[in-house]
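Labels for the chains are A, B, C, D, E and F, by order of writing; each one numbers its residues from 1.
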Amino acid sequence: MSAIDPIILFFLLGLFAGLMRSALRLPAAVYEFVSMLLLLAIGLKGGIELAKQPFAMLLPQMLAVVAMGFTLPLLAFPVLRYVGRFTRADAASIAAHYGSVSVGTYAVATAYFATREITFEEHMPLLLVLLEIPAILVGIVLARGLTRETHWASIAHEVFLGKGIVLLLGGLLIGWVAGPNGVSSITPLFFDLFKGVLAIFLLEMGLIAAAQVSALRRYGLFLLAFGIVMPLCSAVIGIGLGWALGLSVGGAAMLATLAGSASYIAVPAAMRISVPEANPTLSLTASLGVTFPFNVLVGIPIYYVLAEKAYVLLGG
Amino acid sequence: MTETNNHLRKLLTIITEAAIESVLVRDIEQLGAHGYTVTDARGKGSRGVRNAGWETSGNIHIEVVCDKGTAEAITKHLQARYYANYAMIMFMTDVEVLRPEKF
Amino acid sequence: MTETNNHLRKLLTIITEAAIESVLVRDIEQLGAHGYTVTDARGKGSRGVRNAGWETSGNIHIEVVCDKGTAEAITKHLQARYYANYAMIMFMTDVEVLRPEKF
Amino acid sequence: MTETNNHLRKLLTIITEAAIESVLVRDIEQLGAHGYTVTDARGKGSRGVRNAGWETSGNIHIEVVCDKGTAEAITKHLQARYYANYAMIMFMTDVEVLRPEKF
Amino acid sequence: MSAIDPIILFFLLGLFAGLMRSALRLPAAVYEFVSMLLLLAIGLKGGIELAKQPFAMLLPQMLAVVAMGFTLPLLAFPVLRYVGRFTRADAASIAAHYGSVSVGTYAVATAYFATREITFEEHMPLLLVLLEIPAILVGIVLARGLTRETHWASIAHEVFLGKGIVLLLGGLLIGWVAGPNGVSSITPLFFDLFKGVLAIFLLEMGLIAAAQVSALRRYGLFLLAFGIVMPLCSAVIGIGLGWALGLSVGGAAMLATLAGSASYIAVPAAMRISVPEANPTLSLTASLGVTFPFNVLVGIPIYYVLAEKAYVLLGG
Amino acid sequence: MSAIDPIILFFLLGLFAGLMRSALRLPAAVYEFVSMLLLLAIGLKGGIELAKQPFAMLLPQMLAVVAMGFTLPLLAFPVLRYVGRFTRADAASIAAHYGSVSVGTYAVATAYFATREITFEEHMPLLLVLLEIPAILVGIVLARGLTRETHWASIAHEVFLGKGIVLLLGGLLIGWVAGPNGVSSITPLFFDLFKGVLAIFLLEMGLIAAAQVSALRRYGLFLLAFGIVMPLCSAVIGIGLGWALGLSVGGAAMLATLAGSASYIAVPAAMRISVPEANPTLSLTASLGVTFPFNVLVGIPIYYVLAEKAYVLLGG
């Protein structure tokens, strides 16, 4: 069993510093810089793989993943609304966060799989992008209903042209067009530095997660439970889907990670504009304060073990 | 103040969430302001600490110099449109401007 | 000003060293302010240039909207506690607020 | 305002292009101000959007607390020297200061 | 023929995001960081080369290039003043922009040449620095005339101690003094990451170029035409000079690129202070909105083809 | 004799640009980013070494170094108070700065030793951390006396959870836990780029040092003399201690560098809060305006020569 990954230790360092009220802060510009590098790097990696295989073959997978993106928030909503007793807007907003994905969690998973030499379908970033969007639309409909007033045009603009999607999709296209040889010249910045940059990112994420704790205390146990149970359920669905799509064990575990992760960039921004009556603190507390740490520290390994067991049972 | 009234205008200050900067300035212009100035800020209020540590937790500090009528139109609109759902405060003071025709 | 007095509050502005932001806002809240807004600044005064080039040489610009009593309590406290040893200035102006119950 | 007059000063606010910060603050000091505070800003006015996206498109927000005479000297000078060619606005308000001897 | 260079795709991504009014922004600090790295890297590269050859041999080239720097704005001015009907100040300011150079364009050219294994005189950064300054002085004289009032001392300070020149010249001197072995220890940051950093820079430049379009629409066709034709003319002059100086084809094409590029850092800053009555929007729109994209997307290849043809004709 | 190290040239470039009032500025975020990378990298390097050896063996060294950290400010204080005629608070604050250490100076020394292939005990960063803190406590006691009012709890929080300590100690622990193989994946960012990042850091430090000169002129000769003589004395003590502890010559020279360096991050922050009546300009002028340049430019080589001579005399 290989030793604990240093990038996880960076997350713990940030978490510790935050909880101890250390003076440590990362300038917003540094955070934006490293997250930009991660988004572009992940997009590029996926794009390079797309360049290697016929696009058509991926269509079924893509459709299935989009379908999952529509389903997950629909499963989360009733739980939040009737068990959690949240307002309709809050339930819808939180559901949207959990139906979508966290790029940071995906990055940690890739690092985890790499150290253990677990292979997975390299075009995963494409599925990542696809999974980011449907939940947002579902969330808005859940909050607003299908009224005429909803300005879908401006919502689509808001969603598809948000920072995260543009960088991820842009990187994907660049990698696709330029191909493996083309991008070799930018490899040192985007790929060689990847894990170091991820370490800095996780240091900041630790600080941010720590900042959510006080709010968590206020909103109590349900949010904590939901932030752990929901990802596990989504992960199981992800594994099932991965198996049905004939993905490798690693691929299924990765799809489980995506399903089990909760958004904290694209969705909060979209919800703040489109569902303003939802309290952003609730969803960010769950997503950043509970689910992200859970996935990074224990979730990813669990999902992989679950995928292995499932494949033994179902016969992969 | 001693100056002739035609040099007096209102300085309207709005402190709110960075997330709505673009929509807000659009509204402000449509309501007749000839300009605005924005600075990034952090702070605390009834909706808790907004320390700009995380993307969605930043504040902006908007200043608008305009005549009384415009100032009241803006405050009325923002109050109706944003107060309920967004961290926001507004306050107004009298200012003496040069080139009053600008505002 | 024309407005009814119960819409009038004080806007207290404090410009001082970034190094004491955390202690300062703690004091401000304890003295009864319901909120505050901070922006980063640079400047020059009797203690020389503070150009924010170096960690310890940054300034902060704090705005507090509150009633006269609170404003005076804050100024009195800060004057006693920080004036002697820190680069700091304060000034106060009348502002007209919406939702006066907030401040 | 209720305070004794010798605690009253002017707060002069200047919003203009970041490109001229250094020359501007030199002028301001030479005209007798004892200090100034600068914050970075963006905005829009008669010369269009200045969104600080590009080096030359940033604004600065300068505050100067001084007596009426100095304030008028500064406004007169800046108006003559910069208004024609630079994006710039100025406005003035009465402020109540502590340690009036400082300003 | 090698595929399209990914760094160009980054520029297109920025351009697209900007035109689509995407929420994507780069913090000013990130832009300043990457442009600083580029300036230093280019300076260092040039300095290392200078360390390899006797300085005296370069003097003729240096003088010739400075002469070109004085000539180009003098050619541009009458066109702007009498064809473009710009005010004297505006014509002078725009002329200064086009007489000077764009470091970003040069960086893209070096990448373009590198992928195509086109060699050029490696001390080009020295000529780049020299070409940056004369046009500024010409521009001021064109706007002010040779009056006593002009404070040449403060202008010289403004020009020679501007960010761009200091970093470029500083890097040049450091590279020169330290020599190839000396700088080896800082190679990973400044040289290995060069193209990746350039990609980030171009992403931002795309966003900025897009922001100029609205202004372009306002100032109409002449600026657009000038922003394309002027570089082509300057490039031809650059090729001729390169040939006359006995540079390699690549060197001539590079000199053409420098001549054809328009400044957007040193000159705007200097003009804003020294010729305030000139409208900065005009010159930046032409330089950032027209000429930079033109050079990066099609100009550089054109200049190289022109240089090849010229060398066949003239016999290089 | 190898040529002058380029990183020193970056410092000189910054110094020159600052003294010439150049427009060159580094955004605060860039400075914070590079200093963060340096602190983490140094910590990681030290931690990796700790992973290689039994901790217990280091205890004597650690205790001895802490003792030195308590002693140095006690030596500096009387000189400042009675020769320099500073107020008690100022003398105490300056003494604390010189009793503590400068991470930047240490980084330059590691680079200097590396180019000359001088070996030293690799766990030095551990001693660096230990040396940072005692002087702060001494400084506070010297200024305040041992009164009941001193809030040691909040001071300890202030000191141990300051940015510098957290990153340095955090890196140390991460390196220790993850070990050499563990951190290999983040090597490209933290170790390969180290000297390049250090170059950027020194460029900024040059700018900052230049900004101190005017203040230096005001506070006159004594501060200048103290800023040079004090480090030399501390260095001699450091060498003696290194010899007594049985360190290698390189190790002793490194300990001398630590002893001879003056803090400009941890101590100023702590003093501003705990000894507010001390004038921060005095201590920063000495530390940044005199001692840092002195150590970087000539101090480090001197300390190494002294260490060599001492080891010949004493028989190392």
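What we mean here is this: a residue touches a chain if its C-beta (ideal position, glycine included) is under 8 Å from a C-beta of that chain, and two chains touch if they have at least 3 such contacts.
Here the structure is a predicted model, which means the values were calculated and not measured.
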Any chain that touches chain C and chain B: D
Touching both chain B and chain D (chains): C
Longest centre-to-centre distance from chain D, chain (CA-based): A
Most remote chain, CA-based centroid, reference being chain E: C
Inter-chain centre distance, chain E versus chain F - centres from mean C-alpha coordinates, in Å: 41
Computed distance of Cα centres, chain B from chain A, in Å: 36
Mean-CA-position distance for chain D and chain A (Å): 47
For chain A, residues contacting two or more additional chains: 25, 27-29, 33, 188, 193, 269
Residue numbers of chain B (touch at least two other chains): 39, 93-94
Chains grouped in pairs wherever the two touch, ordered by label: A-B, A-E, A-F, B-C, B-D, C-D, C-F, D-E, E-F
Residues of chain B defined as touching chain D within the complex: 1, 9, 11, 25, 29, 34-39, 63, 65, 93-99, 102
Chain D - residues contacting chain B, complex: 13, 15, 39-46, 59, 61, 75, 79, 83, 89-94
Touching residues (chain side chain A, partner chain F) in the complex: 3-7, 9-10, 13, 16-17, 20-30, 33, 111, 115, 188, 192-193, 195-197, 199-200
Interfacial residue positions of chain E with respect to chain D in the complex: 25, 28, 207-208, 211, 265, 268-269, 272-273, 276-277, 280-281, 284, 288
In the complex with chain F, residue positions of chain E that touch it: 27-29, 32-33, 36, 157-158, 161-163, 166-167, 170, 173-174, 177-179, 181-183, 185-190, 193, 269
